[in-house]
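Encoded as C-alpha cells, here's the structure I'll be asking about.
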C-alpha cells in the first residue's frame, strides 16, 4: 500500500503506516487519566495525534525522533486534522526510506549549503569574502546551520528551514540588487547570510523545538552582532589589518535593524539602503513561506480560505495558490 | 559659462543662470513687508529661493512653469541650501534647452510609457491583457500618467514620477515573481500597474503640487477601485462575458491593501500572495527612491548623514551610496 | 404548555418545544466521537445546543433553517446558557407560528422598509431623491436589505438587523440634524441610508452567517462606494446631466470615513460635518444596540453585570436597563 | 463708518476701529527689540496683532480686558489673518456698545443659564432634582459657570463657552434620549450638566486663558467627582436619608468615563448606556462646534478647506457649511 | 504525617490533609454533569482542585473560608499543578492551627499595621501627621486594611496583601528618599500610604475576590481622592484652619498619577518629584512581588523559567532567585 | 564685580564677564546675513547667545572650549533666557579659575571615579570583581568615562554626566537591594555600572555633543554587550576558566533590557529581578535628574511650572523643589 502523505490526508481515513515522532508528551486530562499527545511528521508536514489511556511504560518505549508504525483514524478537530491512534509500535529506521520523513532530505540540505558557499565565494569584495570564509570554516556553526529551523512556528519551522530561508533570500538578493544602483550587492548578500544566523543558538532543536536561555534573554539580533565581531577579527587576522570599520558597522546595522521597527524588536530602524532592502526582502520571503505553509497544510476545511494564521494576524485567501485567477480568465 | 546644476551647488556661490519656476508665493513677513518665495528647479532637483522687498507687480510678471534668469547667492539656512535672489527676469523657453529643467525629459517619459505598454502587452492572461488595453486606450488617462507625480513629497514627487515608479515596480516584479511559485506574475504586474494609478486624480499638478478634493476626501485606494470597476466592464464588453469575477476581486484587493496596514490607510491587510508581494515591493521601491532623493539633494551639509527625512521618520546614512563599504574594503 | 422563550430560560429547566435551527455542525470530540452542535433560535435570541453521540444520518435529517421539536435540559456552561439535547425531530413549518422564531416578523420588516421609503421620499434635494429611488427600485437589493444582518455578532446580528439599524439611524438623524445649523439633514439621511448598505453583499446569510470573499478582501466601505457610483449614474440618466459631483463626493466621503479612524478600517477620517455626525451617531446606535443585546441575553448569571462583551472590549453595568437609578431614587 | 467684524476681515485692509484686548505680551525678538503681541477680539472672534518697536510704557498703558482704538493694516501670515498695528489708544468702555465685543452677550448668557435651570427643574427624579438645586444654589459656582470657557482652544474657548456647550448638550439629550428605551433621560441630562462642570476650576480665565494648578495636576474629571460627592451630601441633608448610592455611582461613572478611552484621560471606559451616550453626544457637540469655529474664522485663505485644526488632527472640508451640496443639486 | 505545603507539591502525590477553601463553584461540564471546582489554600499559596461527579448537596455542605480534609492526587494539567479530589469532609477550625492556612498570620498582620502607625507617626510635617491620624483613627478603614488584598491576581493577591505592599513601599521610601534632595520624604511616605488605599473598597474580599461596583465604575484612583478630601477636612478641623491646599493638591496628584501613563488608567502623568518616585517605586515593588510569587508557585514544571505571567506580559527567568549567578561564579 | 552665574540671570541684565564656549555656529539668516550662535556655559548651566552681523574672521578667532570675555544683555526669547552679545574677546584660560566653568570640577570627577572603584572593588562575587577590574584597567575607557555625558539632552547632558549618573545609581542600588531578598546586589551593581557604559562610544563629545556613526546605527545597548563579551574574556583569562556563562548571560540581559520596553529600543523586556530593578531605578534616577535640571535652569519665567520638557513629554510642577509642601504646612 502506498503511503498517504500528511498533506493528502482527508477526514475519516483509516491509517496503518510509519511516521516520524517530532515531539511527544504524556499528559493528564482533567480527570487525571494519562494520554499521549504527539506530533507525527513526514516530509510534507506534521499532524497532531492522540493516544488515549496511555501509560508511562508506553511513553518510555520510544523517543522523539524515532519512527513508529501507527494504526488509527483521522478526524477534524477544531478545524485541524488529527489522528486518533489506536496502536503504535517503534520501527527500526534502517527498514525505511528516511527521506520520506523530512521536509528537506539530507541531500537537499547539502545542496542548499553548497549554494550558500557558491554565492558567498563569488563576492567581489575581498573583506566580505574573507568574512564569509571565517563563518563557513567554523565546523560547529556549519553543522548547526544544517539543522536549525528558521522559526518556532510558521515560516521554515523545521530542521534545515533556516538554511532554506537563507538560500531563498540570497537568490532573491541576486535578482533584486542589480535593479537598484544604490544597493551594494555584496553587502546585501552578506546581510542576508548573517541576519538570522544567530538563530542556530537562539533556538534549541535537538529534540523539541524551543528557545535557548540566551535566545530568550538576549535574542538573535544581539547574539548575531557579538558573533560578527569575533568573525571579523578572525577574518582580518591574516592580513594584519583590522577589518574595515565602516564595512563592519554597516553589517552590524543590517543585523540589528532587520526587523524594521522598534516594537518588532529591532533597537534601530534601517538607515542604509541595504538595511532597508534586507528588511523588506526578508519579510517578503518569510510571509510568502508562511502563506505556502498555511495553504499547504490545512487543505481540507475551507476551499477558499486558510485558518487564521496567528503569526500573520490574518487568514489567507487560498484561491491564489492554484493560479485560479489565470485559469478562470483563460477559459 | 557652464551651468551649475542644483545638486552641485555649494555654499556662498554667486549665480547668474536660468531656472524653471516650480512654484511661487508672494508673502508678508511679520512686519508686513512683501517677499517672493519660490522653488526653482532644474533636472537635478529644486531649491528654495527668496527675493526680499518684492511687490505685486514683480510677482505678476511671471507664472509657475516659466523660466527665469536669476542673479543671486547661495547660502545654507536651517540646514538646507537656499538662493537669495537679487534680480530676476523672465526668459523665453525657446531660447533654452528645456531638457535641462525637468528630472525626466519628455523623451524619457515616452520611453517609460512605451515600457509600460510593452510589459502589459506581454501578459499571457487574456482578460488582464484586455484590461490593460482598456486603461491604455483611455487618452485622457494616458495624458495624465505622463505628467503625474508619485507623491506630494519624498518619493517621485515630480512630473513623470508616477510613471517612473510604476515602471521600476513592473521591472522589479519581473525579477522577483519567477522566484516564488505562489506568485502569479501577470496578476502581480497588473497590481503594480494599478496600485497607485488613481494618483493621477488624487493629486493636482497643473501648477503647484497638491491634493484634489476627491484625493483628500476619498483617496487613491478607493478611487482606484471605482475606476477598475469601470475599466473591467469596458474590457469585457467585446466578449459579451463579464470580466472574470475572482480575477477582478483579486485586483481590487491588491489596490485596497497595498499600504499594508489599517493605520496606514489600507482598509484591508494583504491576504493573497500577490497582495503581500505588492505591498513589500512597492514599499521597497518607494523607500529606496526616497533614499536616493534625500542623499542626492542635500549634498553639502553633513558628509555622513542626510537631514531627518520626515516621510521615513529617520535620517539616512549616506556613506552607503557611493559604495564606500566596498571601496574601503578593496584598498 | 406555553413556550419558554430563550431569554426567559433559567438553569436546569427541562424543555420539550420547537426551535428554529440557526446553524448546525457535526463535529468530533478529541476521542473521535461525533456530536452535533447547533444554534437554536426563537424571536428572543439564540442558544447553543449540544447533542452527544450523534451520527451522520441524524445530521442529514434536517437543514439550517428547519424547525425541530427538541427535548433536553438547560445548563450553564462557561457562563452561558446551553441546551443538552436528548432528542430532536424535524417539524413542518406549516404547523407552527413562524413569527415566534424570528427577532423581526416579516410584517415588522415590511414596516421598516416602508419607513425607509417614506423618509427618503421626503428628501427635499431632488438629486438625493432620485438617488434614493435608484436604490429602492433595485429589486435584488431590496430583497437583500430585508434579510441582511448588520453585523457578524453583537449589534443587529440577525436577519433584518441591517434594516433595523438603518431605520433607527434615520430616525435619530431626524432628531439630531435640526439641532445643528451646519448639518445638511438630507445629506446626513442619505449617508445614514448608505453607510452600511454594502453589508448586503459583504456578509452571507442564506444559511450560516459569514463574510463573502468580497467582504473579506474589499470590505463594505469600498464596495459601498462602487455601488454608489453606479446608482448615481442611473439616478442622473433621465436628466441628461451628471449627478452633482460635489454632492457625490460628500456621499462617498461619508461612506469611507464612517468608522471614524484609520485603524478601525476607514481610509479617511471624517472631514465634513455630516461625516462627523454620521460617525458618532452610527457608533452610538451600534453600541446601545450591543448593550441591549448583551443585557437581554445573559439574564441569569450576575445580577449587576453582563459578561465581557468582546466587541465592546468591556463588560456592561446591567442595573441601568431597568431604570433602577430612578426607581431607587423615587422610593 | 460701520465696523468690520473680525470674521469679515480680508487681506490688506486698513483699519481704524475699536477692539477688546483678549491677551497681550511684551516680547523681545531675536535682536533684543521689544514688540507687543496681542489677541484682539470682538464678538465674531479673535485675531493676532503685532505692534513693532513697543516699549514698557506703552505696554503698561492698558490691561487685558480693556478696549483699544487700533490703527493698522491686515495681512496674511503663515496662513492666518494678522493685524500690523501702527497706533493704539485706550478707549473708555462706556463710550462703546460692549455687546459687539463678546461672542455671547450678557443677555445671552442669562438666557443660557435660565435654560439650564428650566431643564434641570423639570427632572422627574426627585433626588436628581435636589442635586441640581444644590449646584444651582451655589452662588460662587453659578458666577463661574457664566464666565468659564469650555476649553483652552478649539471648542467653546471663550467666556460663556462652557455654559453654551452645556445647554447645547442638554437640548441634544432631550432630542436623543426618547429614541432609546435604555436611556434614562433624567440621568443623562444630569450627566450632561455635570460632565465638564469642574472646568470652572480647572481653567483660569480672569485675564488670560490657562490651566489652574489643580487643573493640571488633578484634572476636571476627578475634580468633578469630588464636588459631586459634596453636593450629593448637601442635596440629601434635608431628607435625612443618604443620596441614593447607585444613582450617585452612575453619575460618578458618567463623569470619569466621558472622554471614552483611557488614553484620552478617562480612567474608566463607559459601561452604562447613559455613559456611552454621554461620551458620543459630548464628542459630537464639541467636534461640530470646532468645525463651526474653524470654518468661521479663516474665511479668506482657501475656499474649499480650513487650515489644519490641531485639536481634530485634520483639516475640514468647508464647502459643506453653506449647504453647497444642496444648492448645487437643486439648480 | 507532616503536612505537604502547596509550594512543595510534586506531580502524582497522594494527599490526605487539610486545606482552606478559598473559593468554590459547582459547574456543569459540556455533557451536563456537575463537578466541583475549588481553589484550596494554605499559607504558601493556592491550588486548583476538581471533584468530579459532584452534586448540589455536597456543594452545600461547606462554604468558602471553611477547612476541608481532602483526599486526592496531584497532577499537572495545562502546565499547572492541580488536585483531583476523591473525597472531602469539613473540619472544625478549632482543631487545626489556622496560621498554616494564611500567607500572613494575624500576628504578622498586626505587626505590619503597627509598622505603618510607627512610620506615619514619625512624620515631621504636622499637617501630614494629623492627616495620617485621621485615617488611622477610622476603625472601619483599619479593619479593612488588615484584610484587603493588593490586587485581583499576581501581586499581593491575598488577605493582608495590601498592607504588606504598603509597608514594603514605606520602608523602600525611607531608603530611597534621602538619596535625592528633591524628594520630600514625608510627602512621599504619605503618598505611598495613600496611593492604593481605596482598594479596600475597590475590591471585595469577604468571600471570593472580586471588584465592587464602585471599583469597576469609578476605580481606586478617583475613590482615593474622594476619601482624601474627606480625611483632610477631618484632619484640619481641630486647628480651625483648612488643610494646606498645596499640600493637599500634591497628595491628590500622587494618587491620580501613580499608574504613570494615561493608557494605564492614570488621568494625569506624574509631574512632581514625589509623584515620579512613587510611580517607579510602586511599580518596582509590585513587579518584584509578582516575580516572587510566580517563581515560588510553579516550582515543578521548568527549572529555568516560570510560566507566562499575564500581568507582566512575559515569563520570568527563574534561575535568579536562588542566586545561581553568584554561586556558579563563586565555585 | 562678582560673577553672575547662569542660573541666576534675570531678564534685561547687562553683562561683562567670562564664559566658556560650549558650542558655536556661524549661520545665515533668511536675508543672507551672517550671525554667530553660541552656547555659553559656566558650572551652573548653559545659555544660548547671539551675536548679530558676525563674519568669518570673528568666527575663526576662537574655538569651542575657549573662554570669552562677553559684553551683552540678557533677554527672554521664546520662553528661554538668551544673551544678545555686543562684543566678545578670547581670554587665556590661565587667567581664570576654570572650576567656575564646568558642572563638575575635575576634582569632583576624580572623586566620582574613586567612588566607582571603591563600590566595585567591594563586590563579593570574585568573577564580577575580576570583570570590574578588566573594565577599570582599560585606561582609554576610564579616560572617556571621565568626560562622557549621559545623554544628548535633559539628563546629565554634560561632561562627567555619565559618571555622575553611574555613581548615583550605584549608591541607589546599595540602598534598595538589601530591601528585596530576590535581588543579588553584586549583580545589580554590575548592571548599574554597565548599562549605559557604551555611551562613551555612542556619543561624541570632544567638541560639540552628538552621536557617533556607531551610536546611530548600532546603539549603546548592543555596543555594551559586544564590549562585555570582550571584557569577560579578559577577566577570565588568568583563571584559565571561561567566565561563568549564566552570570554573563544575566549581565547581557540587564544591558539589552534596561530601557524596559521594545518600543523604547530594548530588544528584550526585563525578565530577571535585577533587570526589572535596574530598569526602574535607572528611569527614576534619570527622570529626577531631568526634573532637577529643568527646574534649576529656567528659574525666571513661571513661578509654579517649568517649560514643557520634551524628553519627559510634560511640564513639571516646580513648587515641589523647595519643599513648599512642608513649609506651607509647618507655618
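Order of writing sets the labels: A, B, C, D, E and F. Residues in every chain begin at 1.
In this text, a residue touches a chain if its C-beta (ideal position, glycine included) is under 8 Å from a C-beta of that chain, and two chains touch if they have at least 3 such contacts.
Fair warning: this is a prediction, and the values are worked out from it, not measured in the lab.
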item: Chain F against chain B, contact positions shared by both copies (same if over half, else different); value: different
item: Per Cα centroids, the chain farthest from chain B; value: E
item: Centroid distance [mean C-alpha coordinates] between chain E and chain C, Å; value: 44
item: Centre-to-centre distance between chain D and chain A (centres being mean Cα positions), rounded to whole Å; value: 60
item: Intercentroid distance (Cα basis), chain D paired with chain C, Å; value: 39
item: Residues of chain D whose C-beta touches two or more other chains; value: 213, 216-217, 246, 250, 253, 271-272, 315, 317, 319
item: In contact (per the touch rule at the top): chain pairs; value: A-B, A-C, A-E, A-F, B-C, B-D, B-F, C-D, C-E, D-E, D-F, E-F
item: Residues on chain D engaged by chain E in the complex (per definition of touch); value: 213-214, 216-219, 221-222, 225-226, 229-230, 246, 249-250, 252-253, 256-257, 262-268, 271-272
item: Contact footprint of chain E on chain C as seen in their complex; value: 50, 52, 73, 75-77, 82, 84, 304-305, 315, 317, 319
item: Chain C to chain D touching residues, read off their complex; value: 124-128, 168, 171-172, 175-176, 179-184, 186-187, 244, 246-247, 250, 253, 269, 271-274, 276-277, 280-281, 283-284, 287-288, 291-292, 295, 313-317, 319-321, 323-326, 328-330
item: Partner chain E, residues of chain A touching it in the complex; value: 27-32, 213, 216-217
